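Below are the structure tokens for one structure; questions will follow.
Labels for the chains are A, B and C, by order of writing; each one numbers its residues from 1.
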Amino acid sequence: MDYFIELFFVGLTRGSIYALIALGYTMVYGIIGLINFAHGEIYMIGAFTSFIVATVLSIYGFPLLAIVIVAGLAAAVWSSAYGYTIEKLAYRPLRKAPRLAPLISAIGMSIFLQNYVLLAQTSDFLPFPELIPEFDFMEPVAHIVGSSDLVILIVTTLVMLGLTFLIKFTKIGKAMRATAQDKTMAVLVGINVDRVISATFVIGSALAAIGGLLIASHVGQINFYIGFIAGIKAFTAAVLGGIGSIPGAVLGSLVLGLTESFATGYISSDYEDVFAFSLLVLILIFKPSGLLGKAETQKV
Amino acid sequence: MFPVKELKRSFLISIWFSFLTFPIMVIKVDAIERVVSWRWENMFFIAFGSFFISILTKVYFLRKERRTGRKKVNRELTEAFMQRILREPRFLYPLSLAVLLFALLFPALFSTYQTNIMTTALMYVVLGLGLNVVVGVAGLLDLGYVAFYAVGAYSYALLNLYFDMGFWAVLPLGGLFAAFLGIMLGFPVLRLRGDYLAIVTLGFGEIIRLVLENWSAFSQGPSGIANIPRPGFFGMEMSFDSGIVYIYYIVVALVVFTIFVVNRLQDSRLGRAWLALREDEIACQAMGIDKTRTKLIAFSLGAFWAGLVGVIFAAKTTFVNPASFTFLESAIILSIVVLGGMGSIVGVIFGALILILMPEYLRALSEYRMLAFGGILVVMMVFKPDGIISNVRRSYRFKKQPAKDVIE
Amino acid sequence: MTKTILNVTGLTKNFGGIKAIDNVDLDIKPGEIVALIGPNGAGKTTFFNCLTGIYTPSSGDIVLCHPNSEKEIRLNGMKPNKITEQGMARTFQNIRLFPTMSVLENVMIGRHCRTHSLILGAIFRGSATRREEREIVDMSYEILIKVGLQKEVNEEARNLSYGAQRRLEIARALATEPFLLLLDEPAAGMNPNETEDLVGLIKTICGEGQSILLIEHDMKLVMSLSDRIFVMDYGKKIAQGTPEEVRANPAVIKAYLGEDVDA
């Protein structure tokens, strides 16, 4: 039973990290209908930025709490800056182009960013500093749930609540929902659609950066390639939940995290990634609208 | 002549990029030795680089704007000139003949080393032409093309390992296996919308690679299969060098065969249907075109060529392992098609030669290879989505004047 | 003459909770021109989409019968391309040509479902394939003469005027050799001269034995052309009959004047 609970929490942790990345995919898709292939790379850059900042600060002897806060902020700021820049350079000029053009551009951007980090930094795995200490009060259950699992769950929950608030009640949130429903109408009622799209990229990137920081400190190592697999999995989660739907992305991520955890725990860990990819292929074939998404009717 | 406002704008852009790239480009930490190196020179490069690139793009757009008015005619003339060379038989035939002659004499003129590199480049020409049928002509974005390439390579490696089958027996089989797999995969997924199709094929490509990596009993896992024999020539033993030249000629023959077939396909009832399907699926269906079937044919034809080249790849390197078939390989082939110009045969040939030969000869640049591939995809989409040579499809021109028309 | 070539009974289409089409009956006899009219949003185009297989109807029956045969074919759930093969072709309200293909090629696409050559034919280009290609070109050209587009034969479709694009859509549909042609607002956006030409064209097509079902807002055109008219409003059929009967029908007057004064 302990093993089951342990796997459950592993899955939950994994799922919440996927959720942080999947939200970026689903928000961007909801607004401009683009699979932002470079989103996984944003997450990777977030992890790298937090790694670099945290290591520099720890070398200069800053206290742990300061390191965590500054590294987290730096990751969010720089990832957002990358997200914003990518949208302006690679997607905005293609807004009226045929559907495949921005997708190819996104794939190019993803490859470019991977190799940019590879060349500017290294291809080796880097040891990520432990930012989350082992809490004393977690001692009795530590063999099942680690402290970092707890922190990840708490942070993710807070972030989700914040995002829900942002989208439901703020002005920019309303503008985002309006733009997602009908871009032309949104322009007509005076919404600056370009700004809304930029904001979506910034928010999505910041979420991915937080995910990057959390998972890097959880796993303990990073390299330039982590964005690709994580990106595909988060995308799988977004599709599973119904792409374009924000609660769907969270639900899909948790389902995917748990599935992976139980499948690797009870079946075989060799095929960990195969499970995710197979799940992706199967959903897209049998239920492309996902768990909570709406089926699209094509207008003729 | 160049407005000051634009200089200021470029200056701001360069500051933005200096900020953007600061943590990744400037700081480098060694977490074990606990040293930080500050590489300020990189920031300098980025600042100047982005400043000049931003000015250049601005100049490009300004000139383009101006050109739309008066110089448009001029530009159309140069384009028409290219198209005429490519379309008119009296230019095209001697030109192709010269190219073919050069290709045939290549091993005699250059070293074995060069021949070997050229073989690789020509293999990518075939892969590019195959993917071109799928992406460029039929408009289906296939990101898992490498899976079919892997199927071809492993067909030869495994059939040779277990059943001792020879190259020539496996060559068509490898193509057919890949085409069959294309049909099996295509049948359920070709109903999907374009971008979903791209992701499913990507996932499928990764599944194939992961299975090859993990199913050791079948595929010998990550260590791969070695000692695959080179192609035989009526049972003759060949030296290493002549083996390379032999494979070169096999690939040249395959290139010629592929160009011939792809050209004929584009210029047929099927080719028209592919083009129409790329432009408007619903209208196509309303005109009686079977969407799934037509797409399936394109998809499996593309897979067939990937399979053929896969067999040759295994025979050429005498070794296959899953690491040769990553997503990046698919991305390279896609870059070839996109750079060359989607749908254009000549463009794809140029694209493959540029992208594969350039890093081979400019060794210093070879580590920037993948960076450049990524950049090319973005830049081509933004500035010239048609590719370097836009498609010079022969459109059907109606020449003869029927009697009825004259009477009117 | 009681034979019907198209018989629609109880056709219903739901989108979520909304009934876009609610229990509509319609029938067409050989050689007839039938009009389907109604205010905007009445469900006319949805009705076309159900007939041509782009939407699957929620319930009801669509039965097609070739004028020279007794076999009745039920179209529900059939793919659009199969339906076109049975002999019913359509045009689109918001023009859906293949914009970068030439005018001739657009019509040649219409020949696709009546021709056969495939991969091997394309590669070897044998005498049968070459003959087939020649027939496709010749026949397409003849159809272009019929709709008056022979001068634009080598133009790209997107460069045509609006009226010419509408005629090209008709030509493309004719190339599939339909016995029943569905026209979705063929006169929309045309000037009076073009509309006049269109009326002539529709009469010619009809004179050759093909039946026509058209959606149209131009009442003058509808009243002068149609043998019978069906009127829809809010997804329901509210009236049917000859132009005179429909013109006098109080329900029709209410639907048009009560809700939509412009019409």
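Just so it is clear, a residue touches a chain if its C-beta (ideal position, glycine included) is under 8 Å from a C-beta of that chain, and two chains touch if they have at least 3 such contacts.
What you are looking at is a predicted structure, and each value in this text was computed from that prediction instead of being measured.
Set against the Cα centre of chain B, the chain with the most distant centre is C.
Comparing each chain's Cα centroid with the centroid of every protein Cα atom identifies chain B as the most central. Rounded to a whole number, the gap between the C-alpha centres of chain B and chain C is 41 angstrom.
For this pair, chain A with chain C, the centres built from the Cα atoms lie 48 Å apart.
Distance from the chain A centre to the chain B centre is 30 Å, each centre being the mean of its Cα atoms. Chain contacts: chain B has residues 282 touching two or more partner chains.
Across the assembly, chain C contributes residues 54, 92 that each touch 2 or more other chains. Residues of chain A found to touch two or more other chains are 298, 300.
Residue ranges of chain B in contact with chain A, taken from their complex: 16, 19-21, 23-25, 27-29, 31-32, 34-36, 42, 139, 141, 143, 188-189, 192-196, 198-200, 202-204, 206-207, 210-211, 214, 282, 327-328, 331, 334-335, 338, 367-368, 370-371, 373-379, 381-382, 385. Those residues of chain A whose C-beta lies close enough to touch chain B in the complex are 34-35, 45, 48-49, 51-53, 55-56, 59, 74, 78, 81-82, 85, 89-90, 93-94, 97, 99-105, 107-121, 126-127, 129, 228, 232, 235-236, 239, 270-271, 273-274, 277-278, 280-281, 284-285, 288, 298, 300.
Listing the residues of chain B that touch chain C in their complex gives 261, 264-265, 267-273, 275-276, 279-280, 282-291, 297, 301, 395-398, 402, 404-405.
By the touch criterion given at the top, residues 52-54, 79-81, 84-85, 89-90, 92, 96-102, 104-105, 108-110, 112-115, 117-119, 121-123, 125, 129, 132-133, 136-137, 141, 145, 150, 153-154, 172-173, 175-176 of chain C touch chain B in their complex.
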